Amino acid sequence: MNVSRRSPRAEARPPLHRQAWLPWLLLTPGLIWLLLWFVLPLAQLLPVSLSENADRFRMTLVFRGRIANYAEVMTQYAPVLARSLAYAAASTALAALIAYPLAWVIRFRGGRWKGLLLALVVLPFFTSSMVRAIAWTTLLGDDGPLLSTLRALGLPPGTRLLNTAVAVVGGLTYNALPFMVLPITLSLERIPTELLDAARDLQAGPWIVFRRVVLPLSAPGLAAGIVLSLIPAAGDVVNAQFLGGPNNRMIGNVVQSLILVQRQLPRGAALALVLMALMTATVLVHVRRHGSSDLTLS
Amino acid sequence: MPRQAQPVPAPLSREEPLPSLGRRRFLRQAVLAGGAAALGPALLAACRSGGGDRKRRLVISNWPLYIDPTKDGVPGTVDRFRKQTGIEVSYSEDQNDSVAFFAKIQPVLAAGRPIVQDLFVTPYWLAERLIRLGWADPLPLDGVANASRLIPSLRKPSWDPSGRFTLPWQSGITGIAYNIEATGRPLTSVDDLFDPRLKGKVGFLTEMRDTMGMLMLADGKDITRPSYAAAEPSFARLEQAKKDGQIRAFTGNDYQDDLLAGNFAACVAWSGDVAQLALEQPKLRFLVPPTGTTLWADVMVMPKGAPHRQEAAEWLKFVYDPATAARIAAAVKYISPVAGVQEVLARTPATAALARNPLMFPDREMEARLRVFGPLASGEEARFDERFASITEG
Amino acid sequence: MRMGNALLMGVAALAYGVLFAPIVVIVVFGFNAPLGRFNLIWQGFTLENWLHPLRDAALSQAFATSLGLALSASAIATVLGGLMALALTRHRLRARSWIEMLLVLPLTSPEVVLATSLLNLFVQTNLPRGFGTLLIAHSLFCLSYAALTLKARLVEMDGSLEEAAMDLGARPLQAFRLVTLPLIAPGLLAAFLLSFSLSLDDYIISLFTAGETVTLPLYIAGAFQREISPQIHVLATMVLMASVALLGLSVRSGRSA
């Protein structure tokens, strides 16, 4: 490939680190890993999604070019897909509404505690998400501490949180918080304080400063936060499983059930690919507009 | 090298000296440890294939709280078996979801390799599937003379007509558990689960046959020869209740959390669990619906290629001894498959009350309510699974 | 303005409150003495669980498996990812944006899709599922995080230091060992720790690829069905404490570099 290409500087003095083949040598192990365990398995899903079960318990398939698999899962699970996207959108919006002020406080009011405040946002995620889910069931239960307190304050009895959409969206929002706070803080960090001072010197009120200066400049961070929250939320399994009820299942639960419980690998693969296509499209749109660097928090 | 229950990589020991290490050395240590861990399984796998073992071993997998444990210095059944036979038993209580368990063992058995277990306890319908797939070995019944002392209803059952592949561990009754304080009244029928006053406080089981069996019987259908057509009205009823928000959740064993935490007022539940739970929550009641309900069995299966047949035979003989079976029954409070247990329990004052419990020893009236969910032909089963999943996951 | 300020502070305080609510429950319930087998309702204070954190043998074994898996997967991911990051930042590549996209995509793919595709691959190739397949899956999703974290560090770093070293007569490998490696060590540690925590916490991908191996999250999900021992909360608290310590360590080492 690039082996024969030489940069002009390499002509003059070709030390090892400028050899054109060196980067490819460094890249090869990682690229092989990605091709073998990411690209290949994904590519393989396509023929599987067009197959039919030969024996669902032995997981043997026959390829039949069965496009109907897609039509079937789309008609049957369109409501679940719509629900998943709605939950993901709601949790992302909520997370943005909470995370932006938080990032603002960390950036402009954090002072020397900035690092600590940021670390505190990440810290809860060093406990097992599974144990956190169990903790939420304790907190949100009908006789749990939260509802008991609210009832004492006048909440009508019979109000439920656990096994409702509110709990699922809440759980998704919680998980999205660090992915929202970090990129927004990073992008606010890049706004020079002098710029804000200059705007104020020009008699701009706080709202104008925010709308005309800060928001546009932090937009890439916000956009990255949205993508980083939306995608895990849309494909989430755990929150609906532990905090939701039977009317709050998400597409991830369906894929899991199709494959592990109903053992319908072809239809599971079809649904997974639909989800993947939707998410990849979102990422591509984002990358075209903002580049990929904010997505990687760099 | 003998077959290991789990390949455990050994980098744990690296944890200890961590604080005294410099940062860079820690990094190197961690990488080394990681490398060792990466190699570990490969080495274990290499060892696994070679050589036979001389030690007498047995690997059993069962559901939790399904045997009498060693407690307060009194040895439980597993320990007594170890002591009496000298067999090294690995007894794990790692069954908690039969569908997930099948997903685990399926690729191994399909590839013609033996799985870790010599014996595992699994629901009757899954045993039937394993037999059909040719993934179960016949049990070493020659060495188990007392296996003939089964209670009559469990001899040559519908899931194992030849009686060669399974022996029952315990059976039980699916019923309705409820907290009488939360319901405010005793429940009397399956219809009570659909009472709007219990909206959002009702649980059903993800175990399809138990949920659907009870509903179909309430609809007057025969579940010993189930068909999809007969089940459809019950499916529709379940689906409507779900849409209305009547059903809070479909659960496995975790209905117990919800009952104790007050999230469920009533739910479909299993007899022995509720007897055990009632010790913690005295307000719990258990109803066996008069319209009928499922009698199920968890059975012992020997997976294809399990190496310790002789040891398995000794285990079966041991647990089918009425004295041992009585200890197990007293601890788990399900229906013992061994004839004579009732008499053993009745002889001891501490357990005499158990001998009169119709949930453990169904009397005529109780027996009249109990049905076994019959085998489903493969295509029928897929339709049942799909329809049920469309309700629980849709 | 004053009101806006108060509102901002209020939202921030509330956010921290919510973030730590489940953490408080986890820590507190490690000291609970549950009556039955589900540690979900507060019954009374005890130190018993902390005195015997490993009493639950199956839990301890799952924990050991997860630690071994996380260590090995992070090691693979950090090494492979580090090499890729070096190539992407120290060399001009025409294919660079393509390779970066390839690294970003696993990160932005829904976990359940990765899980499905890997399971299918292992089924089709008859690869026995267990620790090996878990290692493949975990090292894969950690690789992207590790490579991109390290890339960010390398971009910040001045490449001219290596050139200077070589101008002073150091051979390239020598320059790498003496100049580059010490400089990126904090980045390597950060990438390793990030991979480690991701691997330790993974549920969905493990569920699909584990075979008969039981990792900690798989064990806990199963425990939800049968017995939630307080030891689960104790171990979670311990992991949290270790994370705080390591976080402090990496912040300090990051500062000194």
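Letters A, B and C mark the chains as written, and numbering starts fresh at 1 in each.
Going forward, contacts are C-beta pairs under 8 Å (C-beta built on N, C-alpha and C of every residue); 3 or more make two chains touch, one makes a residue touch a chain.
All values reported here derive from a predicted model rather than from experimental measurement.
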Per Cα centroids, the chain farthest from subunit A: B
Result of counting contacting C-beta pairs for A-C and A-B, higher pair: A-C
Chain centre separation (subunit A, subunit B; CA means) in Å: 37
Between subunit A and subunit C, centroid-to-centroid distance (C-alpha), Å: 16
Contacts with two or more other chains, residues of subunit A listed in rising order: 59, 137-138, 141, 260
Set of subunit C residues in contact with two or more other chains: 40-41, 76, 79, 123, 224, 228
Overlap residues in subunit B, where contacts from two or more other chains coincide: 100, 107, 257, 261
Of subunit B, residues touching subunit C in the complex: 6-12, 15, 23-24, 27, 30-31, 33-35, 37-38, 40-42, 45, 63-65, 92-94, 96-97, 100, 104-105, 107-108, 111, 113, 115-116, 252-254, 256-257, 260-261, 277, 279-280
Subunit A contact footprint on subunit C (complex, rising order): 1, 4, 7-9, 11-12, 14-16, 18-23, 25-26, 29, 40-41, 76, 79-81, 83-84, 86-88, 90-95, 99-114, 116-121, 123-124, 136-137, 139-140, 143, 147-149, 151-152, 155, 162, 166, 171-173, 175, 197, 200-201, 203-204, 207-208, 216-217, 220-221, 224, 228, 232-233, 236-237, 239-240, 243-244, 247, 251
Residues on subunit C engaged by subunit B in the complex (per definition of touch): 35-38, 40-41, 58, 61, 64-65, 67-69, 71-76, 78-79, 122-123, 126, 128-132, 135, 185, 188-189, 192, 210-214, 222-228, 249, 253
Contact footprint of subunit B on subunit A as seen in their complex: 56-59, 76-77, 79-80, 137-138, 141-144, 160, 162-163, 245-247, 249, 253-254, 257-258, 260-264
In the complex, subunit A residues that touch subunit C: 2, 7, 15-18, 22-24, 26-27, 29-31, 33-34, 37-42, 44-45, 48, 59, 98-99, 101-102, 104-106, 109, 115, 119-132, 134-139, 141, 174, 177, 206, 227-228, 231-232, 234-235, 237-238, 242, 251-252, 255-256, 259-260, 265, 268-269, 272-273, 275-276, 279-280, 283, 287, 292, 295-298
